[in-house]
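As written, the chain order gives the labels A, B, C, D, E and F, with residue 1 at the start of each chain.
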Amino acid sequence: MFFNAVRVNGLPCKDAKDVSVDDFFLAANLDKPMDTTKSKAGSNVTLINVMKLAGLNTLSISMARIDYAPKGQNPPHTHPRATEILTVLEGSLYVGFVTSNQANRENKLFTKTLNKGDVFVFPQGLIHFQFNPSYDKPAVAIAALSSQNPGAITIANAVFGSHPPISDDVLAKAFQVDKKAMDWLQAQFWENNHN
Amino acid sequence: MFFNAVRVNGLPCKDAKDVSVDDFFLAANLDKPMDTTKSKAGSNVTLINVMKLAGLNTLSISMARIDYAPKGQNPPHTHPRATEILTVLEGSLYVGFVTSNQANRENKLFTKTLNKGDVFVFPQGLIHFQFNPSYDKPAVAIAALSSQNPGAITIANAVFGSHPPISDDVLAKAFQVDKKAMDWLQAQFWENNHN
Amino acid sequence: MFFNAVRVNGLPCKDAKDVSVDDFFLAANLDKPMDTTKSKAGSNVTLINVMKLAGLNTLSISMARIDYAPKGQNPPHTHPRATEILTVLEGSLYVGFVTSNQANRENKLFTKTLNKGDVFVFPQGLIHFQFNPSYDKPAVAIAALSSQNPGAITIANAVFGSHPPISDDVLAKAFQVDKKAMDWLQAQFWENNHN
Amino acid sequence: MFFNAVRVNGLPCKDAKDVSVDDFFLAANLDKPMDTTKSKAGSNVTLINVMKLAGLNTLSISMARIDYAPKGQNPPHTHPRATEILTVLEGSLYVGFVTSNQANRENKLFTKTLNKGDVFVFPQGLIHFQFNPSYDKPAVAIAALSSQNPGAITIANAVFGSHPPISDDVLAKAFQVDKKAMDWLQAQFWENNHN
Amino acid sequence: MFFNAVRVNGLPCKDAKDVSVDDFFLAANLDKPMDTTKSKAGSNVTLINVMKLAGLNTLSISMARIDYAPKGQNPPHTHPRATEILTVLEGSLYVGFVTSNQANRENKLFTKTLNKGDVFVFPQGLIHFQFNPSYDKPAVAIAALSSQNPGAITIANAVFGSHPPISDDVLAKAFQVDKKAMDWLQAQFWENNHN
Amino acid sequence: MFFNAVRVNGLPCKDAKDVSVDDFFLAANLDKPMDTTKSKAGSNVTLINVMKLAGLNTLSISMARIDYAPKGQNPPHTHPRATEILTVLEGSLYVGFVTSNQANRENKLFTKTLNKGDVFVFPQGLIHFQFNPSYDKPAVAIAALSSQNPGAITIANAVFGSHPPISDDVLAKAFQVDKKAMDWLQAQFWENNHN
């Protein structure tokens, strides 16, 4: 299966005697700017999770570098199995998350503009985004997540770009647009900005 | 705060000597059809969580009845803190969920048509929906969730109906529609089908 | 081994690419009345756990339908690894649980009569029962449990019907009856009302 | 409330600056033989849990000394929130536990005679007992449990000695004895062998 | 008390209606070089944990910036409640950890030299260090930890600089030096390189 | 790998039908005095963990007997994955632990002299020790730990006796002694007092 707890069990565990330092190391190049031009969203997420770094298995943490083109964004998404903490290395970011349904808490949006060195928390499972408001400068962030396999669900991709597509009977009513508009949305190319 | 683990701590705990059977009981009327006409989605979710039934505190479970009008749906949503298991009491349901981003697993849609008595699982944090395909018959389901405070994020509401709205700079690019279309979407009344 | 945490690890996990929608679906017939006449207790529990529905693995939830004959019961039992939440679909139930030993809490019995649509919680590991007080009407409940493998220990069966039997030296003193009475108890046929 | 997770939250936590070494220490006299004559079962359990030793709060462990008279026992019981590990300090013990219902695992009894220095494990939530087979020698054990508030449910006491009693409609059928026998059982004095 | 699980409960939780975006934000200045000259170790750790950023409560993650002077180090230490993942922003680091006692695993040292952009994992509770091998260049790292309150135990400080000091009867034999050497060690000023 | 969570998954789990009582039993001889003369520290730890008693797998508990020669000690060490609770069977012990770095909690030492029957708690991951202050009497303790694979890190051994040794560039500055003193320390024979 493909969610955290099962991955934890599903991934092989080496016998202690076979473990080496390289199980805990990755030459991840997180210092290198990544190409943000291939993604319509204008961002690029390099996530170091247990699939890339076996030593993370069961240790409930992972790390990512995120590059943002000018006016680029890491579009609204969730991590089904993790909270995210983020700091800005370059440029600035307009970030936000939306609370879940609860008595007197109907989808409240919390936003903040982050400058270099600021820290922000996105609680587990909530829809959140980061946007680079600059017209000319890129932005870079380092994020950490509270799972070795946090997963990511980019809302637009999962809703309009799934394989196969979600029935437009469902989506047209859910998003209150006519089927033609929905078909047009589904006809877009929904790429993934995650490495 | 407003997410599970904190709710657990945040909710008061009675001293043992003050606990009574009524802390574990709720006259929830889960046998009664609920009104599905007030929701554009044509559904009504009655969730019995720790805010309604104090004895659930820390016990990692809750239960819900879901009513679906003909052609009604419980639109694409996630539970940030719970897996859901569901069985159909009346009618039939077309259900599905979308997997998260993972190597070779780009947003795969899994769907099934459920008849009375069938059981289906929606893994934690994944976007899922239930749709009543009938033109004339209502449907009813009983669901259980693996948290006393699972939370629910209705995607369309959280993305297009948050308070305040998400900047259309963000949404227009994220959903690849022009700002006018986005403003129109945001102008809809996004109500909540959860009780 | 045979208890939850080990089952979680002990059950095979499919590689993501081999998972299909049928791993999350079961045609469980929870809408169908089950035969309550084969059980002396006059009840029948149909539990959908990870052994029947592989997709539940690690997801900490399961669901059951319970049928009760008139004057039938789900006799005193515990779930070693789960809390139970229950709602009544048909008829009514007299339910209860007994608290564990604690300062000033010596085995206090909490009971309630549940009608259709009511919800009740049985906290993890506590001895509980459901009894159908009606002379002529069956009762039906849907329950959910906070483990994919909650286990069930029917007290009378485990104490008097184990294989091999518990020494009557132990039981006679524990239950304060003479060995003859104990031997008679152990001679009963202790069947299991769980499917 | 009165079960583990809630106790954890329910118990007050001192501010770091107010903590002293005495929060982690108890003059528990676990070296002293305890009186086993007051209990019909012929045993005495001295449990050091979070109610007695505040520093255990949230640390998921507790410890007990158990004294057994000749032919005395710690009668069939469960710990709803803990596994138990036990070693024999004096004498010998005949111990056992009964597995929960599972496919092909109907209430299997596992037993062993333990001598001084032996170690045995009783998995979480399973019914277990310890019996001193000697006609003339006491026995002593040290046990540890995987919760700061494991709880204990002595089966006979909880079933036949609860306050108020469980309806004999329920018990007579559950234990397959007539109501007169059940009333006699319930008329016994069911004391608690736990300190 | 003063360790993680208790802090989680011990820290106040706001009511949902009182939460604001500032509970999830900190102007932490993680982009600014920190002064490494005040610490004999030649390093400076700026940890953003739940005491500084309340929104982290219960979310099991925290983040830190670490500055290293030329030849400076983050000396051997442990995090009693967290795994650490680290990436190098500037310069290079020689890092290592020592495994715990286990069959055939007697305190094996694993080391690696990290360059900019490399990622390394220090498993929970193991003694680890980072050392800047450069004679003239500072180094900078960003680390994340799998607890909102990971704690840090700098070995030399805790062993030789505790308040009050550990008895030199204990330390002299533990470290196999004479008491005079031990008294000299304890006479050093053991400062803390953590902010 | 070689730390707890992975061990849990890494260790094989038997199929229920293959489990026998011997998976839960060990003739551990915890009643027998162990030889404390082979260890310079003058102590001997006999730990019953999941590697010795397979039935402990996933059950989060283990048990140990510790023997102390006159003036012997269990030198400063940590358990990376467990809290320890201890009671004294013979003699007396001077015990202590050092708190982790936290605001206003710089490495505070908590100590107590324990007599027979006293109980003490060493919170997870903190450096602690036990010392037998008697010139002529041995001491014996029984301890329990909140993991089936708690691990143990003897500070002096891990820091000065690792394989290979930690660079004396690192240690000399960390411990503020010259390299010659450090080389002398590393030249000692660092044996392990754990069985």
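Criterion: a residue touches a chain if its C-beta (ideal position, glycine included) is under 8 Å from a C-beta of that chain, and two chains touch if they have at least 3 such contacts.
Since the model is a prediction, treat every value here as computed from it, not as a measurement.
For the interfaces C-D and A-E, the C-beta contact count is higher for C-D.
The chain with its Cα centre farthest from the Cα centre of chain E is C.
Spacing of chain C relative to chain F, judged by their CA centroids, is 41 angstrom.
Shared interface positions of chain A, defined as residues touching 2 or more other chains, are 1-3, 8-9, 16, 55, 59, 102-103, 105, 123-124. If you check the complex, the residues on chain C that touch chain B are 16-17, 20-21, 24-32, 48, 53, 55-56, 59-63, 65, 83-85, 87-89, 97, 102-105, 110-112, 114-124, 142, 144-146. The part of chain C that touches chain D in the complex is made up of residues 1-3, 40-42, 51, 71, 73, 75-76, 78-81, 94, 96, 98-103, 105-109, 123-127, 129, 131, 133, 151-167, 169-171, 173-177, 181, 185, 188, 190, 192, 194.
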